[in-house]
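What follows is subunit A paired twice: with subunit B in the first complex and subunit C in the second.
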Partner chain A sequence: MSLNFFILLQLPEAFVIDLEKLDQNYQSIQKEIHPDRFASFDDEAKLESIKKTAQVNDAYQTLKSPIRRAEYLLQLNGIDIHDEKYTAVPQDFLMQQMEWREELEAEKQNKVALEKLAHDIQKNKNEMMSQLPTFFDNKNNLNDAIKVTRELNFIEKIEQHINDALIEIV
Partner chain B sequence: MAYSDKVLDHYENPRNVGSLDKNDPHVGTGMVGAPACGDVMKLQIKVSDDGVIEDAKFKTYGCGSAIASSSLVTEWLKGKTLDQASEIKNSAIAEELALPPVKIHCSVLAEDAIKSAIADLKSKQGK
Partner chain C sequence: MALLQIAEPGQSTLPHQHKLAVGIDLGTTNSLVATVQSALPVILKDMDENSLIPSIVYYGKNETKVGHEALPYLSKDAMNTIVSVKRFMGHTRSDIQNPESFPYTFDDASQDIQIKTSQGLKHPIEISSDILKKLKNIAEVSLCGEITGAVITVPAYFDDAQRQATKDAAKLAGLNVLRLINEPTAAAVAYGLDQQKEGVFVIYDLGGGTFDVSILKLQKGIFEVLATNGHPHLGGDDFDQAIAEFIKNENQIDQLNHEDKRSLITHAKSLKESLTKDLSAKTIIKLSNGKEITFSLNRESFFKLTHDLVQKTIQPIRRALSDAKLSIESIDGIVMVGGATRMPHIQSEIKTFFKKELLNDLNPDEVVALGAARQAHTLAGNKSDQDLLLLDVTPLSLGVETMGGLVEKIIHRNSTIPVAKAQEFTTYKDGQTAMSIHVLQGERERVSDCRSLANFTLTDIPPMVAGAAKIRVTFQIDADGLLSVSAKELSTNKETSITVKPSYGLSEDQITSMLKQSFEKADEDKKIRALSEAKIEGEQIIIAVQNALNKNGDQLLSKDQILIIENAIKTLSSSLQTNDTDAIIQHTKDLNLLTESFAAKLMDQSVENALKGKSIDKVNL
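Moving on, here comes the complex of A and B:
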């Protein structure tokens, strides 16, 4: 069992975290456990330092991204957002996804249209993200947190496709 | 990862891509999505008065395996009754397309799309 990422980076276990503190803690822990400091130690200590460094990096990347942090918090609550058996995403949300995907397909060569689409999606994403702190604050709203976190996975995916298309144009 | 020949065939020549009129009382629309990979799948069936599927169309935004799974089921669905259609299992889809374990969820998505389309049709027809 790996150590809790929040404990590892010395932060309270919550969705809203102090990002500056996250950076500071990460850097100071990183310095402490860096493999270079263990160069003259025995192999076991060296290996331990490498393992710990990988773990701290993983923890940092996870907590730094709000969506990954949300997924991790849900995971700590025993919920696997990536459960492949789950496909019953709300219909209206999927309909919207389908429309965006169609628009992306139709406007693949159109930089202006793609940028507008990306902007609209970003707005949507911001709204969804702004709901998460309240949902995580209140344990009764965990189902809402699950729903929004799942939906954000779809949003990330289409954002990625739009970026790929924009790179193709330039 | 290498795709099987059957996946490639459906991916390169997808059957029955498109849409049916979702307001038609004889048309059932299924929409499903996989949060893990962000794939979105729409499957529509058109059913005659005696309960036989006359037409099936799909639109899938996702990986090759997801496209192949939905393309394959549109072929399978035509001519089947709703009861027969609801018996289509993801394991049969995965076997036909020789999907590797990491892509089994694409066949799950296709099976759930069939169920979702049938449920939509039944609720429309008040059954």
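Moving on, here comes the complex of A and C:
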């Protein structure tokens, strides 16, 4: 049984969280339980400290990223967005995806074009992100939240590919 | 009854124990050892006032010489004089692509790298441990006492095998490793604490044989690594090599013996160093056949010759920035670390890239060891006025082999350590009781493009129909950046046994036998050693338990429980006054057993108290 990340970091279980408080709580816990604090303790305490710190790190990384946080909230509601049940993607988003990917392939060497593509995608992403708080407000119907979180997952991947391509351009 | 003597948290209650802890920078070309004295980190020097100890080991028939004493043998007996052994750490024989370029003979029968010397076969771990022994000795002579613990630095981009090899070398040298820390992080500690800097910093660390770049956020004693990247085989050595090749080509020398090759490299190195301050440099090389070569090189040609090497460091910087999601503009400072960063074209190239002045305030050769000393001081439990905390990351992604020779990532690069991730596996045959998991490190998708770390074989899986067994495998990377794996069958809640076949390095048995050999060689009285080890362990556990009790014993344990533990401490304390090894070991075990479940409670309590906004240390004091 793993502990609820929100409880662990003492934040209300919601999509919109106080990021400053997240940082503060994370750092206060780290200061107490990090393995460096137990370097002169026995092996048992050292091991427990590693386990607990790993858990706190996981919780922090999950809650810090809005997309991971959204996934986690859905998971707490019994929804695994990577499950086959949810693989269907709306036609228009699929088309949009393919367009972006084609452009990435075609402009792999073109820094200006890639930066513009990244900028466009970023805009799209921001729009979708801004919808999430409302979607999560409606606890009885999380279908929109599922859809947008899944789409954001795709967007995150393509963003990574664009970044990788940009790094390769000398 | 009153709780035990109350001491500052992390501090010993025993008055005679001021702990001597050192930081060691085990470098490709040079190594250093440092400690904290009167709250300031200082480099410890050998008898001849040297602070930089060349990472060179000479294996003569009857003697081993390390550091400056080994230097003369470079050109006299190249075959038995090992340099840059760090490049071999965590590698196998098949990783060496051009064995003929080395003056050594490698043992072809072994999968490991084994170098034939006049003292027999030497493993890189043994060679490194000889360097570490030398450093330990310098420290002990200089500090007049036994070293209780050491922090050893490794390149941030070192993989699991290279880290494990370093830790094994330390073990073999008889050092108690408090922590392995990353070189750029150590440098940041020296900068952050000694210079009181805050903000986002890039540490550019070009050593003798490795290149690292780390991006850190410094604030209020917390050093948070945001991303790290690097190149496992790029350093000052490559610049020497480039010059040496150039000299060879210009003078059309092709037949060179090993001593000549070494001498060429030595001359190349001195040319490189001269060009740091002068616009041109000249050298005269005497070859073993009596021929003399006069060679001069100016800065411009040197820069042109090595331009590609400098450029190779740019890509990792861009990757690190991208992973940290930062732009050049958001960087507050760039710290230059490693002797190789003295080269003027590196300075100007990096300055141009970041459009910012570089920080060169601290000696680039010493800064890593100084930071490591600071961390060692804190970890050993000496009181530190700074609330120092390092949050480092794992440099490479970790994954397992799946169908079709692909790698599925389980832990992503730049995850803050310690990190643990679980993955569930299932059987594909009815009644299957064992399975093998191939663990790899690297960023690429194909198994063949990643570095194989180990094969874990899970056995004792309860026989079930195919797909019914659910085996949860937990991959854990600890604060040293080292991997461990555990597995459990979920439906039966049974731990499955794991045997590890590391792809590199030494097995536990090999280490034990090497340790035994080295003790025998040292001709030590084993009984005395066993007694002193038992005493140290006994003393350590008393301190550990007292620390734990002082932290929040009264919140977690009943008065009776505390009383029992106190009695066990008393029993152990009195046996520590005797020379009865068996009794000490037994009483240590007893105390250990009594406090076993205490640790988990302590950790949960710590989290709770941290969030109540009150530190346990303060509550109890």
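Definition applied: the second predicted complex is superposed on the first by the 164 of 170 C-alpha atoms of A that agree within 3 Å, B and C clash if a C-alpha of one lies under 4 Å from a C-alpha of the other, contacts with A are read in each partner's own complex, and residues count from 1 in each chain.
The rule is simple: contacts are C-beta pairs under 8 Å (C-beta built on N, C-alpha and C of every residue); 3 or more make two chains touch, one makes a residue touch a chain.
This one's a predicted model, so the numbers in the text were calculated from it and none came from an experiment.
By the touch criterion defined above, A:8 lies against subunit C but remains apart from subunit B after alignment on the C-alpha atoms of chain A. Of the two partner chains placed around the shared chain by superposition, subunit B is the only one that A:154 touches, whereas subunit C remains out of contact. In the superposition on chain A, A:94 makes contact with subunit B only, while subunit C stays out of contact range.
Applying the stated contact rule after C-alpha superposition, one finds that A:69 touches neither subunit B nor subunit C.
Once the two structures are overlaid, the count of subunit A residues touched is higher for C than for its counterpart among subunit B and subunit C.
Taken together, the two complexes place no residue of subunit A in contact with both subunit B and subunit C.
Only residues 31-38, 40, 42, 59, 61, 104-105, 108-109, 112-113, 116 of subunit B touch subunit A when the two sit together in their complex. Chain contact summary for the complex, subunit A toward subunit B: residues 81-89, 91, 93-95, 97-98, 101, 150-151, 153-154, 156-158. Of all residues in subunit C, only 10, 149, 178-179, 222, 311, 315, 318-319, 322, 375, 378-381, 387, 389-391, 415-421, 476, 478-479, 540-541, 543-545, 547-548, 592, 595-596, 598-600, 602-604, 606-607, 609-611, 613, 615-616 touch subunit A in the complex they form. Subunit A meets subunit C in the complex at residues 8, 10, 25, 27-37, 39-42, 44-45, 47-58, 60-61, 163, 166-167, 170.
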